[in-house]
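Once you scroll down, you'll see the structures, which are given as structure tokens.
Each of the two complexes below includes chain A, the first together with chain B, the second together with chain C.
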Partner chain A sequence: MISLVIGGMANGAIYGLVALGIVLIFRTTGVVNFAQSEFLMAGAYAYLLVSLVQSNSLVQLVIVAAVGVALGMVFFLVIRYLFKQAEELQVLIATLAMSIILLNLARVVFTDTPSRVSGWVFGDRTVAIGSSIVTVNSLLVLAGGLTVAFVIHFWLRFTDTGRAMRAVAENRQHAALSGIPVSRMLAISWILGGIMAALGGLLLAPAVGVYPNVGQDVLFKGFVAATLGGFDSVFGAMVGGVLLGVIEVLGVVFVGGDVKDVISFGVLLLVLLARPTGLLGRMAVRRT
Partner chain B sequence: MKVLVTATVTGLAMAGLAFVLPPYDQYVVGRIAVLIVVTLGLNLLVGVAGLLSLASAAFMGVGAYAVIIFVTALKLPLAVAVPLAVLVAWIAGWILGTVSLRLSGFYLALVTLGFLLSFQVVLRRGGTLTGAGYGLVAPVPDLFGIQLTSQEWSAIALFVAGATAILVHSLTRSRIGRAWLTMKFNETAAELCGIDLARSKTSAFAASAALAALGGCLYAYLVGAISPEAFGIPTTVEHLSYIVVGGMGSVLGSVLGPTFLELAPELLRSLGESRALFFGVTLLLILVVAPRGLAGLTQIAYRWALSHLPDFGRDDRVDVVHADAALRPLGHRGRWKRLSADANELDFHGVRVVYGGLVALDGLSFSVAPGSLHGLIGPNGAGKTTAINALCGLSSVVAGEISVGGEILRGHSVRSRRHNLTRWGIARTYQTPLVVPNLSAVENVMVGMHSELHAGILTGAINIGPVRREELRARAIAKRLLERLGFEGDWSAPASTLGFAMLRKVELARALAQAPRLLLLDEPTSGLELPAAQAAVRLLRDLQQEADHPLTILIVEHNVPLIFGSCDRVTAMDQGRGLITDRPELVRRNTEVLDSYLGRHGHVGNSGNAPAH
Partner chain C sequence: MWASRRISAVVAVAATLLIAACGGQSTNQGSSTLGPGVTKDQITIGLQVDLTGGGSLVGQGTKYGVEMAVAEINKHGGVNGRKINLVIEDAASTPDGGVLAVRKLAQQDNVFAIFGGSISSSTVSALTFIRSGDVPYYASIPSDPRVLNPFSKLIFEGAALPQTTVVPDEVDFLTKTLGGKNIALMVSSDAYAIAAKGLIVPEIEKRGVKVATVQTFNAGDTDFTGQIAAIKKANPDVMMTIALPADGARVLVQARRAGINIPMVGDSAQADNQTIRLAGTVSEGYYTFWFSSPQFIDDRTGEMGKWRDAFAAQFPNPPTGVPNQWTLQSYADVYVVAEALKKCGSTVTRDNFVKQLETLKDYVGGKPGSSFSYAHPIGLPRTFTATDHQGSRLLVPVVIKNGEFKAVT
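Up next, the complex of A and B:
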């Protein structure tokens, strides 16, 4: 039971990382990024490839993060300069299009066959908690996810750049008038979002393997986690993710494996209809 | 009849394709036909009604699975199974629409995505009923005892695609289509025209789901075998791409999108595995190069096609029978009841409206006599527009009462008040005209008659018999109204091409088309030059004379001399309260009114004997 719950929380931390990236990008740029899943997929492949040639964990981490930075930057440039005046829906579909491109590039290059990769730093080691055995990697995922959420949360709150970013999120024009380099803040959001997802890929890959659809399989849960957290709260996104992971596991235990994938839909509907501000968020779901 | 005949002819012409092409190409065009049907449905929902859905693949799957299950497990004949499958999807769409009624934009998309994923789970765990991961095999299509070849089935798909395109085109021009476009443009304006938002949204969902399912039925027998993969996220994304590439909200786009995106990779068959990659790149390129899609790109061809296609319901014939019905067009004459003969048309009793910490109306009281032209004046921020909004149910009243014709508007939630407004005979205009840019001037006016017309989705699409006559009558009345208001410009061009003064006229005509007892005009002359403004007010007077029932007009204005010169009575407001309601010459001399305009508040309180300016 304990191992199940820890496993659920670890899954949840991945949802949380995806959600965190989505929320960071959405807050500042107003773009709902449907390609977040492909950021994660790219991170997973980067980790797979780099672990073949380099055993130094720090180098692996840096390279995976660099892939996230590069993707975030590309998306920033495309959205900022090619879709300057586009409507919301067009931007949304543009991120979908870029997601299709990345996904199918990966299919052509790597084929659909999953590859196995062992856990970052700790490999495939396991540890006993009470009577149950869990992989160290799942503890790492949980710890890593929570740490990242904490760091981002306090960074947004207590550093100049973090504050500038919140100002841009609040009102882009006013921020620009106060001398904040808006473009740079938007770029930073995209880059951070890219890093979050790439890290998610690094952490998820050992558990489920590396394959082109690896990100697609968690994207919707990332959205649900973000909604659960209120869509504007960095910390809420992570808590929402972990909570969703635990709810899923409990659902499987008490109801049965069949419901696992329907649970997140149920949670989403409940949150949207009953508590539209999410559990921790302040911003109301736009209703009309 | 015209629509049905055109639909049949177009369908037959398209079906002919299947008999002249070689076998493989028959399959390709059949597939495109299926996608056109699905895309037409999705474009109605996303492009016309403005509701973003990612569930189209799921509804296509509902149709495909349902038809095979009905035929193989329930042994129903195909001719019964297909309509039944479409009906199932209609109901499923209606339910999804109802559940997500209050959501919009991204959250709506999210819920529909969740629906799609849950449907996938149902298919994969459905055991022998859905064939789990393997899916189902379609039997040879058997229509009235005749076994159809794949060529014949392609022909049927093409016929359905052609006929559906014509019917959907007609639907977008009908009462329902106008309501959807108005709702997409501005939900408040739509509600105050008597459009029931909940009904409009669920019907858009249901219609879109039904078309997707119809496509699904055709797909199942065309391909011969279906599995869950065919109805997953990638499929839904392809459907969305078709409308983006083709053109949002355009029927032509719904045809061009799938045709182009399906044909292009066929022509470049050497691409092999990377078909999806090509798809993504094309989608991105079209988004950048032609944000309005192929239909927008080929605007000239589009215009040509529009002017050469039969113009359903756009007849220019003015209906002679009703030529005299200039101002009291449709519906039930004299339906407005007054509790007693001497009741006022409108009463505000101590109405209080609060926005957060700001008191916008602080016990506003005034009365408006039946048939009068009543001015509401006051400095900026006095609460004039808030008073109108409180009456229309756009602002919640925390204390006090509003009554119309002596009947207190009580027990009505803010929401229900909004779409009952037309029924109560209240119509309004806005400071900035809210005219739907994608509809013509005439169609915009017809939106005002929404609740008096009866066309539904099917009758509107077929446009036959009484519905057609009613539509023609409404069109004639709309034109007469515009004519009476001195509208100059193109009746049938999109309103986005009209100038500001004409937009005001279109909006006023739409309000008059609601045959109101009480007309609320929010700064109707702002943006007009003085002679035009004076003419506009004279026109209002004339309209009151011509109306066959007492037409009361409440006019909110900044232009005080204009109000004093023309209104029967004037209410002066300041800081959320009514200062005085009286004849213009008395209001003009009232010291409190002078104070509020000349800003002597402070002086009066402090020195008591302030020197006159």
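Up next, the complex of A and C:
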């Protein structure tokens, strides 16, 4: 049972990282980023490629994060300046289009055939917890995801930049009138979202391989996690993700593997019916 | 005025009907009769193949095998002086994609015949359309029993062994060779895997052996924590996974890391270097089954070595994982199709093509007796009759040793 729960929580931490990025970007910019999955894919490929030439874990981490920064920045510039006058729906479709472009570019360059990569820092080691055997990578994913969620949560609450980002999320016009550099806050949101997803790719890749669809396979789980946790709550995104991961694993054991997604989305519907703002959300999020 | 308009309209309608009626018919050109998709210079063959999606490893491998054989044939003047014009449609590894690909090949591209290079999931959905039409369909890759059942004069199966043929041999291996008494199954949602599950479970039970548990997962799933926990709880002595290589490799890795140390077997789809590449050293001792050729694909000696060299010369930068077993299968099967076309002589019609395929016995392109002596004889023999369109029946158990597939001794 221990390995089941840990495994479920580790999967959920990946969903939570994806959800974190989605929520961060949405809260501040109002954009639902459908390309979050391709940010994760890019992080996975960056890890694969850099691990071929560089064994230093810190360097690997920095390069993966840099890819997340670069993608986040590109998307910020495209959305902020090229789609400045666009309606919300048009921007959403633009992120979807960019997602498809990135996915298909990856297919052309790398094909759909998965590649193998070892676990970051700890390789493919396993550890016994009681009578259960778990991979160290799973524990790393769980610890890493929760740490990131805590750090982001406290950063948003207790730092000047974090508070400024929350102000922009609440009301962009008022924030601008208060002297907050709105564009910079938007850029930071995109960059942080990119980093979250890229790190997710680095942590997920050793478990499942690296292939163009690697992010797509978790994107909707990320949205479910974000919705479960409350679309305005960074901490809720991670809680939602971990909860979803555990529900999935238990669903597989007690119901069956081929209805895993039915269970996940069924739980989502039930939560939305009982608590429309999500488990930790406070209010319906609507951009002003 | 009105009468002349009416006459014109009738003439126009009659002309349209006449043209439509002639569209799918053979044409007589001098002493030869040519079917749709055939001209004096070329024969158009459609290739339905999964270039994208979860079956793309299979599809890319197949495409390269077909292209290699077609290039060789065309370089040597084609079939009876007609070059093969290959039209490729991506079935995208989905049922809808399979239907769309086959429809386009048959109705828009007007091919003479279709070479089925897709996995079962994107083939089975298209079979109803095939059976209702008149385009011959030569399936090289899909192993779902529904390909040949119900029987259709139009549909042939080359390299791929239907599950009905394969399952008894696989279960013999599980129960007799490995001595399994309590067997766990891990089955993906791919169409062929579901078909196999429906056959394997009763076959195991028929031998008085217990099925410890059957766990399922969606193709493309990446976490099997729940399923593996259930399998451990069932305490099997042998475990078999029925899935494509990427899924099978993930299951293998996660099962071994979770402490499942019993003999593990993959179905024949996993007899691919991708299994070794994705699972790494964990793949040592993993069993699977091979039916693509007399030699293993990584054997660099003899005819396989020559074929590998020729492939590398023609395709210096193939995608990762290519060539693979599906490259071998499709390469060999293109020559089977070409031999039947050759035997059509001057009557290159669909009916005659089907009839000529049914005359092939123990055929291997490149072997003595084959019209294509320049082909590399790396395929297993194909035999068809008027009532049996399954070309191949041979299955060999293999095991991964020192990073390579070896025959089980």
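We take it that the second predicted complex is superposed on the first by the 284 of 288 C-alpha atoms of A that agree within 3 Å, B and C clash if a C-alpha of one lies under 4 Å from a C-alpha of the other, contacts with A are read in each partner's own complex, and residues count from 1 in each chain.
Quick note on the criterion: a residue touches a chain if its C-beta (ideal position, glycine included) is under 8 Å from a C-beta of that chain, and two chains touch if they have at least 3 such contacts.
All values derive from a computational prediction rather than experimental measurement.
Enquirer: Answer with clash or fit: chain B and chain C placed together on chain A by superposition.
Expert: Clash.
Enquirer: Between chain B and chain C, whom does A:Lys84 touch in the aligned arrangement: first, second, both, or neither?
Expert: neither
Enquirer: Mind working out whether A:Phe223 is in touch with chain B, chain C, both or neither, as first, second, both or neither?
Expert: first
Enquirer: With the two complexes superposed on chain A, say which partner A:Glu248 touches: chain B (first), chain C (second), both, or neither.
Expert: In the superposed model, A:Glu248 contacts chain C only, not chain B.
Enquirer: Give one of first, second, both or neither to describe whether A:Ser3 is in contact with chain B, with chain C, with both, or with none.
Expert: In the superposition, A:Ser3 touches chain C alone.
Enquirer: With the two structures laid over each other on chain A, which partner does A:Ile93 touch: chain B (first), chain C (second), both, or neither?
Expert: Only chain B; A:Ile93 stays clear of chain C.
Enquirer: Which partner chains sit in contact with A:Thr126 here, chain B, chain C, both or neither? Use first/second/both/neither.
Expert: Second partner only.
Enquirer: According to the stated criteria, A:Thr113 is in contact with first (chain B), second (chain C), both, or neither; which is it?
Expert: second
Enquirer: Which of 60-68, 204-212 or 222-230 in chain B clashes with chain C after superposition?
Expert: 222-230
Enquirer: Do chain B and chain C touch any of the same residues on chain A, and if so, which?
Expert: In the superposed arrangement, which is not itself an observed complex, chain A uses residues 107, 258, 261 for both chain B and chain C.
Enquirer: Can you list the residues on chain B that touch chain A in the complex?
Expert: Interface residues on chain B, with respect to chain A: 46, 52, 99-100, 102-107, 109-111, 113-115, 117-118, 120-121, 125, 187, 233-234, 237, 240-241, 244, 248, 273-274, 276-277, 279-281, 283-284, 287-288, 291.
Enquirer: State the interface residues of chain C toward chain A in the complex, per the touch definition above.
Expert: Its residues touching chain A are 52-54, 56-57, 60, 189, 215-218, 220-227, 229-230, 246, 249-250, 254, 257-259, 274, 277-280, 319-321.
Enquirer: Which stretch or stretches of chain A touch chain B in the complex?
Expert: Contact set of chain A toward chain B: 32, 82-83, 86-90, 92-94, 96-101, 103-105, 107-108, 216, 220, 223-224, 227, 258, 261-262, 264-265, 268-269, 272-273, 285-288.
Enquirer: Given the complex with chain C, which residues does chain A contribute to the contact?
Expert: That would be residues 1, 3-4, 7-8, 11, 107, 110-116, 124, 126, 133, 135, 204, 207-209, 211, 213-214, 217, 248-253, 256-258, 260-261 of chain A.
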